[in-house]
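These notes open a run of structures that come right after.
Consider the two complexes below, in which chain A is the common component and chain B and chain C are the respective partners.
This part shows the complex of A and B:
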């Protein structure tokens, strides 16, 4: 193990890289109150454009950097035009979801163009290193530090001394007032997105060179780190973002020094949660709390629900039950079984995101909890499967609710960030808690579904058992929505201030909502574990969370039938067009974008 | 005055450097109709937020029915029987009018919300899923009560009970807010500008309704700009300016008070010159 000085220097360099990403995010949040989830994609694009410039054009580094800046700046303008401007009047969470859609599209395009395999991005810089203490600093380290410093100074000068910079600051403080005195806020947004994205792309190039490694997955990681750094420094606070990034880099580096490299991300997300819970306005914000917003800022479009006649529902259920009777290929049954499992996740998510208004971006963690609970109960404690699956549901409800409880006091997009972080923490704890979870090896030889001595491992039996559980869960949820809990949840979603004024305790009802949702999602994960017979901490990733959210929005927020419809549509349709498997996330991204823009209430309407 | 129902003493609240409420004492007796008037920015709504628990006073004490409730969460204060409406109207947009009013009755749910220490939330969830007969009866009784409350507003709300609140006119949303407050069975009703944004005939209608509530014996604390309404209904009036109480007493006396006139006409030298002798 190297000295502390080494780890400190390394932490500062990593922190500096995060800063280039976080500053861009902070600038964008400052003027538009948008967490740009496509920012990491721009960063990945920067890395790949740099790789292409080196490989195909043999450009020197300065020219490559210039190309990266131009391409990514242009991409930023495009994101602003597509993701932000058309949604000016929409709830705050809408542009956030739009940027998630854009990021899915960009990431998938990168994968299609460059394959998902990692590539080397060798640094063209000279190979000298200076020794400091027991460690060394190379040319690239100096370049990264210099880029960070120079861009900070240039940015400061721009914001302080140019007319456009003044306009940016004015817009950040009060968009309406800025507009009234003649500031073209659209132009400001465009400029900010261009600058931020150019910075993001540049940092992608530098990071690629630093690790001599680029792959499309770097996109999401970068967004996560940038968001964490920004939350630490205070959303929209540019100097705070720099400080937050350095702090994050140091924390991670020291964490790695103490516990090993698989703990790096765990440290960042635990730090994120601590800040969100203890100082939601960031380390550097004054203690004054912000006044409550009139609306919780949830993604609820006023709409009328499409009434589906009961006979139609009955008919659909009957048809679903009969599918295995027709001599279909097992492949169709397998796809539909997956659709039922996703539908359980979707109705679980639609309850918290739609009915309760807490847009969770970490819902896949509940699947992981359920899957591991049931797998370990059967393998390590010898429980029968018929008992371990519902028990896994209960355990997921308890653990999931306990994990998310500290975030109950947060609102709108802070809930989304917190749940995203909690989701990552669950996956990382599973990865690192080897004595319980078998760590990165995953859990193998999970027994198939069975009731008593009756094994349910045929495709038909798997299909029917998943469908049966889904029908029961959906029925329970519809019952719940018709009870006083349904209106209480929706009251919290529509206006939590008014709900409290009428005696509704937010903690209690958010707890009840998450517990019920956790039960359903846990059951889904548990059944999946017994169907797959193998799981690891990456069986259900944040991509699954985003997919589920797309399903929920497609069907209509809070709408149980809509959630099932969305799950079937988005699971089965890509399978219909075989050979489109690699376009799947692209399709999800486009669907998400189109929905948010043109039919935010979804197909069956918001409940 | 008999034992006050609500008693707030020495209430201070500042935002940054601004004293929004600077040393206010308010007491309201059971059955009393007390109005708070004052120009915009006088601190009336801030005071309401402090009384209903949406904000915590920097210093001072609030007691209700002998209990000290300073710093209590709003949901806890609501369950004591204090209902409030909001200045700009905060109905639940996607809920039907009926559900909006039913949320007002939330703290009175008994069958659906058993009082079990520790496991109350779990029991509440299970009962909602099982829906025993007692819960069905309770919901039925509440629905009947909602229909009855709605009749208070003539035919304004009754035909719209199943419509979502976002589809209502502004005036009807304000009516829903008051109906929701009544469903709480309030022991104290805090009304924040119930006629804001209403035209003359709507204001007259609302005046009649609030007068009816007074006649039923409700204890009401009202913030209102329309002096007509205040003069007609109030037992007592408090005038605020700059976070302080500048006059207090019977409606007519407060209306004639020079400090009140000055506050309303602006702090002009002309106004002061006229009233020099006081």
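This part shows the complex of A and C:
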């Protein structure tokens, strides 16, 4: 029984740490309806600034904290001014992507400046500890808890009782109306970003001290846990974010107690899904909260679609088919094969995110499902590859749709977060379900692509088979978009209430959309498995989901040709910048930001 | 045209003292590894090891009058990029060996391409037991878990552990290590109380430690890398868990002490590489490394250094061609090494046996050789 006390205390301690990040995320979401993916990067900057203050300037902790707050607050203002304000009139997904781009850039700059090695950030606090249960807590634990609670209380008071706080809330409720009554919404946004980022930087410093470990990769994990925590507490609800974080910490700790560490994040994400499905506005939301607005739909910026003439498409297809005839370019073929595989994922995602309006952040899970399905069918059941690949597509469609079905009732950002969670759950189940998936050892000796006795393992054959599947899938999808199904999908995206009023069964059409998308993505994963011959749960990570979404937006939401173009561009870009090694992800991030800034509706326009 | 350019180059460099070595076409190794992304720190360590080796090789006039060099292509340890890099390397006849990639999903995804092109893929950090089974051109001098773990278990027994609890990374590496440890333990009188796998991105180990503690062990065995190993030791220290810690060779790094602070004081670390090792290979490597980088080497940079030296030796003894690399690895015997005493590859497994294992202990913030006093 004594151990349960320990688990509880440990859960609260880590919950405290999540709370520091979640509060800032909640504040920004509350005002901008934006999941700020750059928040984790600001947090990492805070840790590094703190490290520099300790190491080079020998500053005491309070002064260091002050420097961190000022630098990160300034960084927040900069992010708002350069990255987000110019996008005020853009589709609402654009700022979300901009934060992803900013995060890439900041993380890379940190890595170049400070090297990727982890560094120690020793806490200058006195070494006293109090024994509670059979564990102890120290000065830093208390300081972290105090910072989290005090900032939540102060922010709550600020929002409730000060004039600027009222302006923030007015802006949060209705930006245009707030402007009409004279609120300077730009100033409000600036203030919010400054406060949230200052807090984010401070949390980076404190958490870095807690673990005595900072590295440039710390930002993504922080964002992930922060997002989960604030969903539990209610998106945009500042005190709720603290409570949500503590609950998340407790769930993880108790989860580890019951099932072991390897299941740890599984509990976070299962809790996330339960909350999303049962209480989508968070545990602490009042019943009066208005439902979220769709993220693409009604507010989508109308853009003129670039009409690509059929002869140009035909020409491009013909050119693509002829590429392998050029001798001795296996590297180019491999890059393009990767591009075709990513294009299958991109058009699958563009269907659900663009046409159907359900922005998925967990699309890589479909690749994993397809890859494992086909690999295990050939190895364990002895199926021929030509049969297992399409079957993997069908299995992915069925399993993927079943997994995402509980999220059909969600709207807006909640769909994105739910799919993010489902993606992580799939990866963790694959890791832990050893009897089926071979766990962390992965699946080895997957046979190459083959039809009958004909092995398709040369670069040319891999290229042509991927391209052929892509052409068929793209053709089917273009046909689908012109049918009544396509019209219904767009109706659901544009106004799901109106669509329902016309008698459209939302769940059924979302199911059809996800099934079609799952089939394409599953095929892509399956082909990749046979090309690589080895897969494990880390072969397709959440980064792939983000990359796929970037491709979709680059090409234009819902636009099939755009998705393919985006996939080719974003697969080729990092390869082109290969010569610059350490700098290439930085360049990639900057290019991404420029595209979002100057062509947010995508290169070929939103369909 | 080509001829005149070559003439021009020769003319321009003839006046330099090292003219011939510089003008000659370099012998190239292709390196596929992470320079960006979550594993970038390991790629950075590789580079330090490679560059140090190349300083020595090329400083001594290169191999047969030609300088040795490498082309480092960033794969982010991502399979998609690793296969593209593989195609690039196999298509480039100047590249005669490939080194890397870092993680198994990336390395093993690229293996079929190297195998088909008969280009040696030398995965010097790939301990996945199936890596060298990808084809007869897959080689590795990574320490082998089937060999290392019995040593670790033996030291656990020598330290007086009877009932150790095992914490391991739940990756292909950690899993292989754990299975090998559990296999070796009973024969040495060890009864493993629990084996807890944790996720690679994990930072909070408090609940895991409570779980381990409740199995009533008399010591903790960590099959971790240095960053997570340091976190575990620190949190064990912070929660007042007073158990002796024994860690695998992968935790040997100056960073382990830097990140672990007071938490790693007293920890027992198994190592194949130790700067205090009196062998001349080790001493010259450590001195050169400190002089060049003003920091302490770790086992990743030592492995990279060994690998580049091996490459230069292969070129020197067997000739700078792809076929010679394969033939040389089959044939080479007793190659001096920092990690191993002498390197000889087993032609069946294409791996190396016989690393030097010694037990270190962290004392007053530095690694010292274990004094033979039991822990419990």
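The rule is simple: the second predicted complex is superposed on the first by the 513 of 607 C-alpha atoms of A that agree within 3 Å, B and C clash if a C-alpha of one lies under 4 Å from a C-alpha of the other, contacts with A are read in each partner's own complex, and residues count from 1 in each chain.
Everything that follows uses one rule, which is that a contact is a pair of C-beta atoms (placed from the backbone, for glycine too) under 8 Å apart; a residue touches a chain by one contact, two chains touch by 3 or more.
None of these values were measured; they are calculated from a predicted model.
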Legend entry - Comparison of chain B and chain C by chain A residues contacted: C
Inset, instruction - Have a look at where A:511 lands relative to chain B and chain C in the superposition and call it first, second, both or neither. - result: first
Inset, instruction - Determine, under the contact definition given at the top, whether A:250 touches first (chain B), second (chain C), both, or neither. - result: neither
Inset, instruction - Check the residue A:306 against both partner chains and state whether it touches chain B (first), chain C (second), both, or neither. - result: neither
Inset, instruction - Could you say whether A:143 touches chain B, chain C, both of them, or neither, answering first, second, both or neither? - result: neither
Legend entry - chain B versus chain C as contact partner of A:533, first or second or both or neither: second
Inset, instruction - Report for A:77: first if it touches chain B alone, second if chain C alone, otherwise both or neither. - result: neither
Inset, instruction - Could you look at A:483 and tell me whether it touches chain B, chain C, both or neither (first, second, both, neither)? - result: first
Inset, instruction - For chain A, give the residues common to its interface with chain B and its interface with chain C. - result: none
Legend entry - Contacting residues of chain C [partner chain A, same complex]: 35-38, 40-41, 43-44, 72-74, 79-81, 83-84, 86-88, 90-91, 103-105, 108-109, 111-113, 116, 128, 130, 133-134, 170-172, 174-176, 196-199, 201-208, 210-211, 213-214, 227, 230-231, 234, 238-240, 255, 258-261
Legend entry - Residues of chain A that touch chain B when the two form their complex: 288, 292, 294, 300, 302, 304, 476, 479-480, 483-485, 487-488, 490-491, 493-495, 497-506, 508, 511-512, 515-516, 606
Inset, instruction - Report the residues of chain A in contact with chain C in the complex, numbered from low to high. - result: 3, 6-7, 10-11, 13-14, 17, 108, 111, 115-120, 122, 129, 131, 134-136, 138, 211-213, 215-217, 221, 252-253, 256-257, 260-262, 264-265, 328-331, 333-335, 338, 341-342, 431, 439-442, 444-445, 448, 457, 459, 528, 531-536, 538-539, 574-575, 578, 581-582, 584-585
Legend entry - Of all residues in chain B, those that touch chain A in their complex: 15-16, 52, 54, 73-75, 78-79, 83-84, 86, 88, 90-95, 99-100, 102-104, 106-107, 109, 112-113, 120-122, 124-125, 128-129, 131, 135, 139, 164, 166, 180, 184
